[in-house]
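Residue numbering begins at 1 within each chain, and the chains themselves are lettered A, B, C, D and E in the order written.
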Amino acid sequence: MIALLTRDLRLATRAGGGFGLGLAFFLIVIVLVPFGVGPDAAVLARIAPGSLWVAALLAALLSLDRIFALDHEDGSLSLLATAPLPLESVVLAKAAAHWLTTGVPLTLAAPALGFLLHLEGAAYAPLFLGLLLGTPSLSLIGTFGAALTVGLRRGGLLMSLLVLPLYVPTLIFGAEAARRGAAGLDVTVPLMLLGAISAAALAALPFASAYALRVNLR
Amino acid sequence: MIALLTRDLRLATRAGGGFGLGLAFFLIVIVLVPFGVGPDAAVLARIAPGSLWVAALLAALLSLDRIFALDHEDGSLSLLATAPLPLESVVLAKAAAHWLTTGVPLTLAAPALGFLLHLEGAAYAPLFLGLLLGTPSLSLIGTFGAALTVGLRRGGLLMSLLVLPLYVPTLIFGAEAARRGAAGLDVTVPLMLLGAISAAALAALPFASAYALRVNLR
Amino acid sequence: MSIWEYANPKKFIVTTTPLVPWIFGLALACLTVGLVWGFFFTPDAERFGSTVKIIYIHVPSALMAINAWLMMLVASLIWLVRRHHVSALAARAAAPVGLVMTLIALITGAIWGQPMWGTWWAWDPRLTSFLILFLFYLGYLALWGAIDDPDTAADLTSVLCLVGSVFALLSRYAVNFWAQGLHQGASLSLDRETNVADVFYLPLLVSIAGFVLLFLALVLLGTRTEIRSRRISALIARGG
Amino acid sequence: MLRVLDLACGRGGAMLVSGVSFSVPTGESLILRGPNGVGKTTLLRTLAGLQPLLAGSVDCPTEQSAYASHADGVKSQLSVAENLEFWAQVYGVTGIAAALRSFDLDDLRGRMAGTLSAGQKRRLGLARLAVIGRKVLFLDEPTVSLDDASVRLFNVFLRDVHLSRGGIAVIATHIDLGLDAPTLDLTAFQASADALGGRDAMFI
Amino acid sequence: MLRVLDLACGRGGAMLVSGVSFSVPTGESLILRGPNGVGKTTLLRTLAGLQPLLAGSVDCPTEQSAYASHADGVKSQLSVAENLEFWAQVYGVTGIAAALRSFDLDDLRGRMAGTLSAGQKRRLGLARLAVIGRKVLFLDEPTVSLDDASVRLFNVFLRDVHLSRGGIAVIATHIDLGLDAPTLDLTAFQASADALGGRDAMFI
């Protein structure tokens, strides 16, 4: 499992591997928001937490199709399936690699981008904590979506459709935490719920994903 | 060229072809917006034009990587390059197919989704016209981005990074038209500029895209 | 003899070897003079207070950010038309420098914005254009990084640079259409009326010269590194 | 010992071959033949456990088997050695030197796999099999694109390394490999078009 | 008439083969041979105009040539007939019946190409060549995965349809095709490792 994780991380940092691209995409979406809604600072501050979360969601989403598709196309996935490694560990390694290459950089970058949208000072901490607790669930749910669509050529768009609805709870609690923070309210409840979603996803989803993979390889 | 266009349209409507997925993605992003920024109708109405345009952009973007990548993977692209059909026509046919399967459905659906975001009544016409004039440029610019990244496996994320900055003028004029419409101002200038961008893209970008394709097939 | 002879990689290396230390030295001298003069021997401006001193970094880096892109544009055209490898590699070497210059202009601007406008960031047209320029640099470098074959990468990034330049100009116009500005107008024009006062002007010119020389030195150095690594990979490919 | 009894398998809801029985003792190999589309790939995938059997039984230690198909599982962004080392780690074995030598890849060990020629890539795919050291190999057209010298390397590996250590191999091929091994022609086992059975039989 | 004079070509900045000269008169074919990695694929791609020549000249009507490689340009979501019809339209010809018959694809014409077996897919790729009717064919390992009967179909097509109508073919292969045609072994033209030339020569 460690071998797979290090290989994936190494591939991500190679030419064409896409490390850092998720981050750049996050930045771009944040920049696009004011172009869409206009430069008014008050409006931007109002929608900042929501925009940051939606952008983080989309950035996580766009890097999902690399999770299994490349391994499927070159045949590695069938080979991994017959290797002495439970498919659940394969799924976990993949989700961990996705989180390390996407979730963590996003979390670290989000406060800096908060400036661009005039995010309220009190919202920074809940935004950061929310992303830290929430991004693992994004990676785990995304891995499940990727496992469902792995047999389809360029199934990226279909996967987005399957995954985005599953992201709704994470989005709601995450954005809520940041908005409550901005309004000076208590944020422990949404943050705890975010953590609970991630923990539950970690406990259950790898099995579902491994099952989906097995079906798709059949 | 017609043969290529009809083949692409036929492929798009086959299983796994992705017709309608762009539309569904558009719908989902619009549905996510209230989850992100909260249900306040006034705020939603304020950001509705921008959200619709940004969502349309992202929906167009997400279907781009199918434009050339599938043909490259199965070798059709080299075969097309040696066929008695200038590569510029190939590019145009691809852009037209993308527009017909993504741009047109988005334009038709946008007014309906405007309701969800409490879009002002006066903004519907400029939104619709803006998308009608602007989506061709999204497809043409996107085809250029796809041509640049066609040799890369799963270059989708990199392509987003290259394409989104190029989308900025279209987004600004499009969203501005809808916002001016909502405020009851004159919208001819931004709409004309949108049309001009699309016309210029149509005249110039196919050559750049064909050059990029030729380089990538080398 | 033609200037294109320097487009031969070996000749380029030989010619620039003695130049690089001199340019570096000159750049450091100008920067030291300009910055020390600007920071310690000019009065505070009445409207800006002592924060004005940041222009000695802000304005040169902003200028270089734009000029680096222009240089890349010219170099890309030369590569596309005449296919001189040095030109493509120089464009590649200029990109990271330009990216850092853009970042410095953005950061110093943000630091300045806090006392002046009461905010770290405003969606002012000039600032926004710079953010877009930053995105263009990112995309350009990402494309270089994603392609293995150096000639393919040079071709594709050159096309991107051409198309990107057109769209960057268009964005500049679009952004002006979209928002009102807070930012200072251009004040380095030859028109004396609008110029900043001479006390600020001279040290500013010196530090601009320093930034230009520094840019030149870094691009030369980067180009030389690129040439050397091409040479190494060519030797490896040849099994030697 | 691999023992197959009265096996039936198929694709896309239709039965392709049925009544296949054979057994391969340890240290021996079996060559599958038959015209295009008869079902060789399908049979191998079924044996490897990648798709369900429609009937019959397979007696094979699946956790000791490996399947290799046209797609070699080669990552083009990793070097030849990195590719092999990854699979060695996954299978918990060490040492890729012997495999590199068996398939004459020593000179290419630092090369990115994406820049290999068709035959070199195929050799890398075969070297993977040498690295992981599984007892039962299911090989689908292993020598496609290989030149004569490489086919001989493969034969030497199979006979002197794999089989001589008690391995088993089932190989589908159209080319004469120059192995002396029993051959099974699947043409004889083709299921008739209206055969009962198959996944969708209960709908008819 | 295809005439190649003192051609050099390479990949990844290094020269692979140099000094290749041959000519193929109309109605004849040439078989390229050589060990894996010698540069057959590279040479064919260069002849087809898909990559630049490093030296020498190729005298060939490029607008009359077609290149076919391992990737067949087959769309898995289109049926066999739809695939061929598309290429017929692109090349402005009509009628795919003869091509279907030449490669024994009549029974499969309505089948989605994605469900074909390896050899059937290869036959479809070859049928594409029959449809487009180009005069000069550059074929890279055309008979990979084909059974003996299909190889014969290919030979018949090549001799009786393509060459007899004044076509030209250059074929890289490792398998004996049973064609009686001159053979060119590229081993003799391998560029020495430190040959001058190649795209990156000026860096050294």
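The working rule: contacts are C-beta pairs under 8 Å (C-beta built on N, C-alpha and C of every residue); 3 or more make two chains touch, one makes a residue touch a chain.
As the structure is a prediction and not an experimental result, all values here were calculated from the model.
Chains touching both chain A and chain B: C.
Between B-E and A-C, more contacting C-beta pairs join the chains of B-E. Chain centres were defined as the mean of their Cα atoms; on that basis the chain farthest from chain B turns out to be D. In terms of the distance between Cα centroids, chain E is separated most widely from C. Work out the mean CA point of chain A and of chain D, and you get 37 Å between them. Centroid to centroid, with C-alpha atoms defining each point, chain C and chain E lie 48 Å apart. Between the CA-based centres of chain B and chain C the separation comes to 32 Å, rounded to the whole angstrom. Along chain A, residues 15-16, 21, 24, 28, 35, 38, 73, 153 each make contact with two or more other chains.
Residue positions of chain D touching 2 or more other chains, listed in rising order: 70, 76. Under the contact definition stated at the top, the residues of chain C that touch 2 or more other chains are 132, 135, 138-139, 142, 146-148, 178.
Partner chain E is touched in their complex by these residues of chain C: 8-10, 85, 149-151, 227, 230-231, 233-235, 237-240. Across the complex, chain A is touched by residues 16, 18, 21-22, 24-25, 28-29, 32-33, 35-38, 43, 46-47, 49-51, 53-54, 57-58, 62-63, 65-66, 69-70, 73, 152-158, 160-161, 164-165, 167-168, 171-172, 175, 179 of chain B.
Residue ranges on chain B touching chain C, taken from their complex, read 144, 148-149, 151-152, 155, 158, 161-162, 164-166, 168-169, 172-173, 176, 190, 193, 197, 205, 208, 211-212, 215-216, 218.
Residues of chain A that touch chain C in their complex: 15-16, 20-21, 24, 27-28, 31, 34-35, 38-39, 41, 44, 115-116, 118.
Within the complex formed with chain E, the residues of chain B that make contact are 2-4, 7, 10-11, 14-17, 73-76, 78-85, 217-218.
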